[in-house]
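Quick one: the structure is below, questions incoming.
Lettered A, B, C and D in written order, each chain numbered from 1.
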């Protein structure tokens, strides 16, 4: 049976991601959303960028709405490529750079996690710490 | 006399497109709109991306609003080209990649059909199955 | 196990609602959405009002977002009552008059159905024809 | 010295509010924002309404933007009163029913807390549990 992630689980994933963000010194905004891209929990770490509130939420939305990590959209949405222009569709909620990921259980997407606050690779590192935490909960 | 496409016709076109989408294994959102770009019918196939609900609708809108298939906008909207920036005009409803097409009867646009759910060429294949169905109805 | 309504089911509910709308002579726009308020299928009957495309979709959204029929919001949102102003919250997607209903299976909301096109009581009659059809499928 | 509320403090306030929401059986969405109305943290409790994600956030925004509890806006925004129409200003982010409150330290607003998920008086009760927690931290 597929279930949405609970708030309790979401808080644990965000805690793990925050810890990683602290460790690498990148104040971040971390969001966990449900499979329809709607917010379960969002934390803005002290000193994280204001813009990251929106970007983090929309990375979480994008991962749900297109069922893939947001960094996979970077290449196809470049000028000259097949999905050029993608980022202005869907009421501008589509983010085409990394930091948003689906959370899967038994091959089903049960939620998403996203981080914004630093370089793209830093955002991916922070979000992935949440995914690792999720995997310890699932197994 | 030009007439809008009826809901009955729209359902037949969507059915044909859905059949093609099933055949090629691409769960899709298929929209039929009237010549003003307003929705007549929209179906989201099971497991189709959430983002495709909006993108499919806007491809149908774009084909009506600019009276051409959306894939013809890909080249002119590239950086350096004449319509660069087009996709952020018109309240961001303009989609500049393929999958939306006008439906014509006697050289008049009587509606549009659009698909979103896979690669651009897959979306075009699905929408074209609806166009073929339309041509059998017209003749 | 709770599952979203399938497109196949959605089409059957809309067909039943359309038949009722025809019967009472009220061209309507009928929408079926998932429990997060996202569209599964929408049909605009010939001659239905353009505004009903949006209103029908938002009634379906509202029933999901507040987990109740939209007519139950009419009284509390009146001037002087506790939820006055509700209709302009949530990006103006909240509709506070009748015609949107949750679809329940075993006490769980598995989707919503909404109609717009006539008087409020007519919209409720049309949507309820879809609910009755749903109940024959569930049992 | 006026300081924004830290994420650590925000989490404690939300925890206290969640505990109250559990106690009264009203799954809620609780938001803490900074004095500019921008999000610090937001939690959607399991089974809380989807619409409450947006309404909770906007109650927190409103309390910051107008520097008062949202229930004080209910009366002046009624038809015939001085601020009739207020709720559709400021990009529709103004919520004119109760559940959002400023958080004050030494007479300065240092943040806001808001809850959405039940009747207006329930939302106020939940948010006030967060305020009480805040007062134990300040003193």
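We adopt the following convention: contacts are C-beta pairs under 8 Å (C-beta built on N, C-alpha and C of every residue); 3 or more make two chains touch, one makes a residue touch a chain.
This one's a predicted model, so the numbers in the text were calculated from it and none came from an experiment.
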item	value
Numbering shared by both copies at the chain D-chain C contact, with half separating same from different	different
Angular offset of chain A relative to chain B [C-alpha, multiple of 5 degrees]	95
Centre distance in Å when chain C and chain D are each reduced to the mean of their C-alpha atoms	30
Between chain B and chain D, centroid-to-centroid distance (C-alpha), Å	43
Averaged-CA centre spacing for the pair chain C and chain B, given as whole angstrom	25
Numbers and ranges of chain C residues touching at least 2 other chains	36, 38
Chain-level touch network, classified as line, ring, star, complete or other	other
Interface residues, chain A side, partner chain D - complex	6-7, 10-11, 38-46, 50, 53
Complex interface listing, chain C residues touching chain D	36-37, 62, 64-67, 79-80, 82-86, 88-92, 94
Residues of chain C touching chain A in the complex	1, 34, 36, 38
Touch list for chain B against partner chain A, complex	49-51, 54-55, 58, 74, 77-79, 87-88, 92, 95-97, 119-121
